[in-house]
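The structures considered in this document are given below.
There are two complexes below, and they share subunit A, which is joined by subunit B in the first and by subunit C in the second.
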Partner chain A sequence: MRPAVRETWIADRWSRGSGPLHSLDARVKLAVLIVYLLAIASSTVWNQTAFAGYAAILAAGMAASRLPLSALGARLLFLLPFSGIFALIAWLSGDTPRALALVEKSLLSGLGVVVMVATTPLEEIVRALEFFRVPRSLVLVMQFLYRYLFVIADQAHRMRMAAACRQGNRAGRRPRFQAAAGIVGVLFARSWQRADHVYRAMAARGFQGTFPAMNPARFRVADVVFLCSSVVAALTVRLML
Partner chain B sequence: MHIPDGFLSTPVWLSLDAAAIPAVAWAARRAQTELERPDDRRVPLLGVMGAFVFAAQMINFPVGMGTSGHLVGGALLAITLGPAAAMIVMTAILILQALIFQDGGLVTLGANVLNMAVAGVLAGYLPYRLLGRGKARTGAIFLSGFCSVAVSATLALSELLISGVPVPRQLLWISVVLFLISAIMEGAITAAAIRAIEGMNPLWIRASQPLQPATVVLSMLGAAGLLATGIAIASSQPDALQALLPGQSEATSEGWLRRAALGLMAMVFLYAACLFAGRKIARQRSA
Partner chain C sequence: MNAARVIEVRNLRYRYPDGIVALDGIDFHMDAGECVALFGANGSGKTTFVLHLNGLLQGEGSVQVCGVTLGPSVSATDLAPVRSKVGLVFQDSDDQLFLPTVLEDVAFGPANLGLTPDLAATRAKEALEQTGMAGALARAPYHLSSGEKRRVALAGVLAMQPEVLVLDEPTTALDPPGQRDLIALLRTLPQAKLLVTHDTGFAAALATRAVFFERGRVAGEGSVEEIVNRFGWAR
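Take a look at the complex of A and B:
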């Protein structure tokens, strides 16, 4: 399995833990994340003090998440190569502020998303998207997609292993290419059939087109306090520093 | 090809986000009318197919010299599910990739959605729809996969360039060559996968409906003309945005607002033009 697929399981397990950030409403967390990301994205390249401010906000969020810091930091390795290359180019061409800003912006934004995903189950995030008027068909597709993602990824992994066992690595490029195409075809067929079974099973259980929430979300005082304080913090950094 | 946060300049991400919202809303409305039919099995189908694309991206195709590539899936989805549903599925995939794997940012989501879910799916659907019948069928499917990746990559690259991300000339050529290779691979993989799927159940593939040859030739000439103009502008003016919007100074705080407004106006104009052209073509066909 691709390491990134296993990685999500960890974030998924983290998101079902408990902590000050975990217990907040997903809609509030999503709104705060968007404000924070927009503030970073619209900051100018030269404003280094602002980036220090965003880093402080992020550090507060990471502390409140009570997650293992080293594991959160490990996610940086996924983000670094791409922004690192471009930052290096900018730095070599003498544009040091841009190079710094590229790395800072992508890391601060990426870590913000990681903190969000590691403290909120994905179903709740998708439900929050529905609250923000994301079209219902898109929300439904996302819910089914996340539900069956790992099932089908495991199936693909098993089929790949089976193909490798059958052919070894002595086969030429052409037959291996054909075999991979065959795997994709069979995986497509099995997914289609699985969707059919899923539909019948859900129709039999009275599926009406929406997933009912296990525990309906409600705004509480802590949510309002968190929303106001973090939005004010992000806007202060963006507009004042 | 996923653009992370921090790479696009404010006018670029702002206008692309603004442009992505109506595009996704349109696709969602079309998909929604399909979903709301009674006894429709497409609700779980689209989600499970999204999971399929996620999983299919894990399967390595040998390319040669020890390297391997994988399917991207935009053209495959468009050929099997139709363009509107494929756009929704690709958008869902991009949102989940941004959330789970930090593949692409959330602020740049609009850019990624436009590049891969809207333009990539449309570019992957049109060649099949127009040419996918008769002898040239396999070639048309190859072309679908090729165009889907080539268009997405070109858009992503030009957005980075417009944003002022420094890309030296050599790196630009290297990335163009890499994009071409991956586009060729996507074409070959899509053609092979579609053939395998069709062998199991031909009903899983949408029928292609060729247009009149004259329309095909005309639209191809139009596309070639647009491409040539774009290349001409790009090569004569290193900073395309500066050339397109004369009289603009450096990116000051008021400057980007005006630029964003101009970009939005251009987008609205483009939408209106496309809507008008679409209506006209539809009326002609029904007449």
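Take a look at the complex of A and C:
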């Protein structure tokens, strides 16, 4: 399985767990995440007490997620090349508090997003985005991309294997590059064809251009408690510490 | 049209935009409750033909489905009831299952018919029950096996309560137990069924009549055994 697809697969498997955070309404989790990210982003760089407070909130969320902590942490490694470079520049220019804050802010924000995604199935995230009036076309693109990612990756894998079987003794980068270019081209054409087939299958079931609305989930007491307590905690850290 | 006749096609012709003649004067009929197998080589026009049965393609000639005459003058609104009468199950289930959960996907058709979300969900649950997939309501379609996807795709069509089921290569990617299950399931369904297939064993288990397509024409019609022997279609 390709790394990107494997990552998606793992996140998808995690999102279907049964921890306390999993059972909460996705709209509530998304709202809390947005408040949490805004609070972190707007905190001043020298306020280390506030970052400790955000870390404590996040630790509570991670505990409630019941996800493997080491694996969650490993997912953050992809942030290091980005935040690390900017932190290094800040540190070399003598602004140590900013360098430290850059790393802290990116790690806390990134981990918050990972916890949200890893405890919420995509279909619920999609519904939450619709609830918050994210443009429909954007949500649909995300939904279709996620749905067909596995199908297209599987197709690409089969084509790569077929190309490797016929590669014979032609080692070296050039033949491999040529084969890869051919695979990408054919994959594009097939994806285009599949899009046509998917639309045809939708039309066969009466699709006339607009998606019918399904019943939205209802808020429960636990959702309201989580929403209030999390927002109060994030705002307390932001305003008081 | 005969009261029991659900499909009546006369002299249907269709040419693709690139000029290739796909259907060259097809005459075909099907009665309520009947199960017909459609044989023919790849490229003989089978899939193109079935796409005419619910208005996805429109050629020259006469196509009547459950009393409604299809043609270029039929509006999208008029096509909606026809699409509920003829349920098309596509060869690749991945083309059909695109929503995040099985329940939403199966409810997609009924919701498009204008049913309320509750009623669409009820219809979807009934159809999933019928196909033995009631336990997969909340599952994501991409987590299903080929056989399960096929059942869910069939449920998506059954939820629209069609009078005719059209199954394009339904045994593709199914292992022998999956094929046996599908045969048993289709036997329980009262709808008229059109099976587009290369699988003669599958067709023999269900169909009472077979039609053979050759270069966009009906080259023969008879019992499954007769057609298989006449055209050398046995494996």
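FYI, the second predicted complex is superposed on the first by the 205 of 241 C-alpha atoms of A that agree within 3 Å, B and C clash if a C-alpha of one lies under 4 Å from a C-alpha of the other, contacts with A are read in each partner's own complex, and residues count from 1 in each chain.
Keep in mind that, in the parts below, contacts are C-beta pairs under 8 Å (C-beta built on N, C-alpha and C of every residue); 3 or more make two chains touch, one makes a residue touch a chain.
Owing to the predicted nature of the structure, the values given are computational and were not obtained by experimental measurement.
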Which of subunit B and subunit C A:Phe144 touches, first, second, both or neither: both
Touched partner set for A:Val198, first subunit B, second subunit C, both or neither: both
Partner chain(s) touched by A:Lys105 [first = subunit B, second = subunit C, both, neither]: first
Touching partner for A:Leu58 - first (subunit B), second (subunit C), both, neither: neither
Greater residue coverage of subunit A in the superposed arrangement, subunit B or subunit C: B
Subunit B versus subunit C as contact partner of A:Gln208, first or second or both or neither: second
Contacts of A:Ile34 with subunit B and subunit C, given as first, second, both or neither: first
Contacts of A:Leu21 with subunit B and subunit C, given as first, second, both or neither: neither
Which superposed partner A:Leu122 touches (first subunit B, second subunit C, both, neither): both
Shared subunit A surface residues [contacts with subunit B and with subunit C]: 122, 143-144, 146-148, 151, 194, 198, 202
Subunit A partner contacts - residues on subunit C that touch it in the complex: 51, 54, 56, 76, 80, 83-84, 87-88, 90, 92, 94-96, 98-101, 104, 107-109, 111-113, 117-118, 120-121, 140-142, 156-157, 160
Of subunit A, residues touching subunit B in the complex: 1-2, 4-5, 7-8, 11, 33-34, 37-38, 40-42, 75, 78-79, 82-83, 86, 89-90, 93, 95, 98, 101-102, 104-106, 108-110, 113-114, 116-117, 122, 125, 129, 135-138, 140-149, 151-153, 155-157, 159-160, 173, 176-178, 180-189, 191-192, 194-196, 198-199, 202, 209
Contact footprint of subunit A on subunit B as seen in their complex: 4-8, 10, 13, 24-25, 28-29, 31-32, 35, 41, 43-52, 54-56, 58-64, 71, 80, 88-89, 91-93, 95-96, 98-102, 105-107, 164-168, 171, 188-189, 192-193, 195-197, 199-201, 204
In the complex, subunit A residues that touch subunit C: 12, 121-123, 126, 143-144, 146-148, 150-151, 194, 197-198, 200-208, 212-215
